[in-house]
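Here come two complexes built around chain A, the first alongside chain B, the second alongside chain C.
On to the complex of A and B.
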């Protein structure tokens, strides 16, 4: 067992480090948005010119209201200050506080990502272990072949092909996600089938390969031979001895992959299927110069990633007592 | 040929899939370079020949006849003149896809090259100097790794306008983190080896040790990383074009896909064909990367 004091110290250090990284991500986003040539006030401009108002004055008023007339470092510090006080700013393209907007939309991203990860992890482990146990059989070759395909298939194209086959040609599913469906219903689950396959396939294929490699490595270990020699049934040897050891590196891969799923895959999947999640709203926000939303979604994504990294680090020390934390 | 190159070449070609990947990539490069001279102008609009299916396929069009005032069904067959069909403006898909291959490879190779240079220099510098330099560089790498890459790409391309070169620079400037980490850990283990120690004792300059001795020794990792990174970059560009942020002046695979997405029920091939090419290209690079990794792995 790890010593209690150093464990606490280790976790504390990881938390502080995560806060530092989150600050770095925020800072980068903030300055990136400010060096851009377009100002949030530009959107007002076009409509106001059309009305024949005094544009110069109005720009100044809008910028003053949003604090954009202050020096950059004051804006930066103000922003951090309000973030720390739970004020995530105002989204003027949707006319509501950014936090409200996120409260409405996060569920759609969450259900999509959760179901996709469950799909990917469950099938990835199942196929990976089976493939390793049956190494060099036909089943193994087929699994390996399909995992290569799964890794290589562009997920946005897969999404379109699924729509083409199952929605357009066969008419089994709707081409668009229906937002009026209640969250916990079979109809909603059915509506998520294609998006989940679209988002989950790449990850599932990748996990299959890692699980297979990791399982193969452990199958050769001495403790497996010992377990077999003791006369333990295959089910126990593989399900308990091998799987537990094989899962360690896989956990890291899954956690590492998660940020890619959240940001690359979910983003595109939401756009293809019209799911109004965080990806969709940040996408719209970018086109509307609604920077408060962009900063918030970026930061939330980074925080989720950091949180899972932290959990992985901590879980590791419990899963593998050999790991020392310094 | 260098003896070492020959040795690794042989080991890589042991894998049939890697060989297939290499052949595909070579063909694609040749097509991308010379193809556009044969296929004609990808932007040539010809409404008389719009929505033609690929050769061997046929679709039914409903045509309104002005004289009789009735709808008649016309069967349109694909012809050899446009073997892969045409889009809704009558542009030849073969010509578009060939010029798209050029775009994809251009982006993939240049952006990966840029990312590899940055990543290798940061990784090696970090490992070689250690201490504060290492700490600062690796913390910066961590921040960049946590940064939502695709969101950043969308953001920058939107702010500064979609141009192919900007996309390359942004992918290059953000995509180096994995390489930096891997090169660092490899260089760290090299640093303690005798020949590097000897060079330090002999008074070689830092620059010389890094560029003449450390980088060549981590080259195998760099080659594998390059092969595995290229498809990711190609996909990133395709995804950007797919959501409407591609360079409007070039026909990239992602842009064709984007256009085809809206007419899936009629002209399905416009979305299917660029996707198949994207998929095969990514697959080929993955096969080759896998073969190279095995070839460079002395335990196999």
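On to the complex of A and C.
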């Protein structure tokens, strides 16, 4: 069977699987949320108890408003029906339609994660390859030392330190992200410098280690010796032959990190820099028992992960032509 | 059970940094910044208030249950009244003070005649009456605070009557006397009847109505107008040039007002220090540092919230707590000075009853001040325990079975102050030979498994007070918790300490206390001197009876950039925030 046709079939199969997985994720999330001991009114309890309010009446009012007083199967069928009609529901903790909420906030997470990934991937590969090529030199030791530091530093600590030094003491950057800046502007890019470093440093350091190890492994392979014996310059041997092979295991990790855009992988960085991304939205929704948002974020998260897995599989075929999907 | 959250917000100030604080002053008052207010200050700049107390949930205020939502709406609509730093009523939408009939049953409110909704329609008494009768009290509307407007009539809970007298005057008519109802009836705003009528009866449509969710109807009713709300990021307002209080004064004086959500206290502190925000609440540990900064001014405001150590007086708590002398001995062993200095870093007042000092009903005379001065005495405490049959052996108090006494203290996890208090209590009680085990629990777990109770074997739904025989699912002995008092209407605290109190978690039942709380709601109590006497007696009784150990009224600290002028620190800092300006 020609390669293109089998690839098309493979993708089709994966899409059908994705529909079933999405339904499973939705159903599981829906019921797990509903059978849990918490209620959307829980978040008010501390304040209400402190002020002596009529707690039981308020819980009933909150649940009635959100339709939680109906039987569970009715809630489930209503929800499925709404979803099939393109209605993702109303977010009671933010007072807006769920999908509108996600549309607005997705971009803040996406730009942050995309830039931090570029930062991490570019520097990670560069330093990793250099470190491997210069194995056991001073440069390698320095790169190894700093990559271990990068992996070890908690990003919330790094973020606060960066703010203290570059914002409070030196006044180079604002202490928080300003959402009124146009997305495609230098000012926005500048505003994202510290968050990107905060979020990207850990990944960058990890990629450095992966790339170094993978490059070292490939440097010892026969095809590298052959390439060198043919008289190819190091630039070509490393750039064309070694790097392409060394990237295979790294691609999986990068794609997995990218899917974090929906799972709220940037939550801490968003909190520190006041970026209203999906991380914050989903985290708050979980604590607020905002079921509509939690279900939507989980569902989209599952779909994005499936999508990136598919992309990873496709990327493999280009990075390693020996791989086939039948 | 009608502590008014809206009134709290007004007291705690509309300027949201303050709204998150609670600011009722009994600590030393500070002076107003020296720069004199110009005849008419210049309109300029953007005031940015940093908060990490969480974003609002809705601008459709009838559904609100969180402070931030009420606070956000409050920027665009003043409300009927405000309270100044001496807790006196300052008229806002009302044209004159509320009139109360001699029999205490009829409350008459008269609106200003220059209040307009967007589009120019006048705000009328009918708007208010419609909001109460057709929305707040309606069966289809899950309004969270319906009970505030109900009274007991012939054994039934019924809504009070509301009626319009003329275009600007409306009345509440009660069948029973409650002198503190005066403070409830100014709690909420009104919706424009001509806009919301079309949504009547349709909960989904009312919830999602665009004009109600973007406050586009607020006309000239508040100093600022809604511009934008980016969830978990910022709430942006612009100056309202038509503001009814600004006709002659030109107020407000900021071009924009922004509430900026900053996720952590560290982020708030850094932003204030760097000048990226104008104001924020400052944590006690940081106050000294900020006070030393030339560009920052810090105001310290006491609050009406208090921290309490409750004993479990129910049947699954230590039986010793049922003995008043034992309770007094334990309170005598816990130093309030140490607690205030080491945990609140000095930013708190000791508490001896549920009424805070700035309340007009606070009476200090005769209070039993356990935990300070001569009533902080561990030796005496040990003597009392011995006299009551709890002897020490090898430095440990033995319970009635001869086993070393071990108590369990609980509080909600994540609240560092309360957790620290638990450690301090453990330390203090270990000095008199009582071992204390700590348990920090998630709120939902604490409330559902430890605080809600029912009579064993009954089919009662669990509640916070199911009577004297009810016990919680899991046992506990000591609980650190925070309560609030409405300083103008403290009788709301009956919910914590009276037999029928819905939040009488601890299981304290005392007919004398019940009777005093009931007396506050009688015709005699319309006389303020009599009400003060009743509250004095109630405070004295509770300070001696100790249904729990009243620990402290914590203060709050708010930092401002020094160029903000017009701030009046005190009991309700921020009540005049529309008059603040940049120097």
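Keep this in mind: the second predicted complex is superposed on the first by the 267 of 326 C-alpha atoms of A that agree within 3 Å, B and C clash if a C-alpha of one lies under 4 Å from a C-alpha of the other, contacts with A are read in each partner's own complex, and residues count from 1 in each chain.
By our rule, a contact is a pair of C-beta atoms (placed from the backbone, for glycine too) under 8 Å apart; a residue touches a chain by one contact, two chains touch by 3 or more.
All values derive from a computational prediction rather than experimental measurement.
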Which superposed partner A:168 touches (first chain B, second chain C, both, neither): both
Partner chain in contact with A:271 - chain B first, chain C second, else both or neither: both
Partner chain(s) touched by A:20 [first = chain B, second = chain C, both, neither]: first
Contacts of A:92 with chain B and chain C, given as first, second, both or neither: second
Which partner, chain B or chain C, touches more chain A residues: C
Which of chain B and chain C A:284 touches, first, second, both or neither: second
Touching partner for A:176 - first (chain B), second (chain C), both, neither: second
Touching partner for A:104 - first (chain B), second (chain C), both, neither: second
Partner chain(s) touched by A:154 [first = chain B, second = chain C, both, neither]: first
Touching both chain B and chain C, residues of chain A: 37-38, 160, 163-164, 168, 271-272
Chain A residues touching chain C - in the complex, by the definition given at the top: 37-38, 41-58, 60-62, 64-65, 90, 92-97, 101, 104-105, 160, 163-164, 167-168, 171, 174-176, 179, 270-276, 280-281, 284, 288
Contact set on chain C toward chain A in their complex: 1-3, 5, 8, 54-55, 57-60, 63, 65-67, 142-147, 203, 207-208, 213, 230-234, 260-264, 266-267, 270-271, 273-274, 276, 305, 412, 443-444, 447-448, 463-464, 481-484, 486, 492-493, 495-496, 502-503
Of all residues in chain A, those that touch chain B in their complex: 20-22, 24-25, 28, 32-33, 36-38, 148-149, 151-154, 156-157, 160-161, 163-164, 168, 259, 262-264, 267-268, 271-272, 282-283, 286-287, 294, 297-298, 301-302, 305-306
Of chain B, residues touching chain A in the complex: 17, 139-140, 142-143, 146-152, 154-156, 158-160, 231, 235, 238-239, 242-243, 257, 260-261, 264-265, 268, 271-272, 275, 278-279, 282-283, 286-287
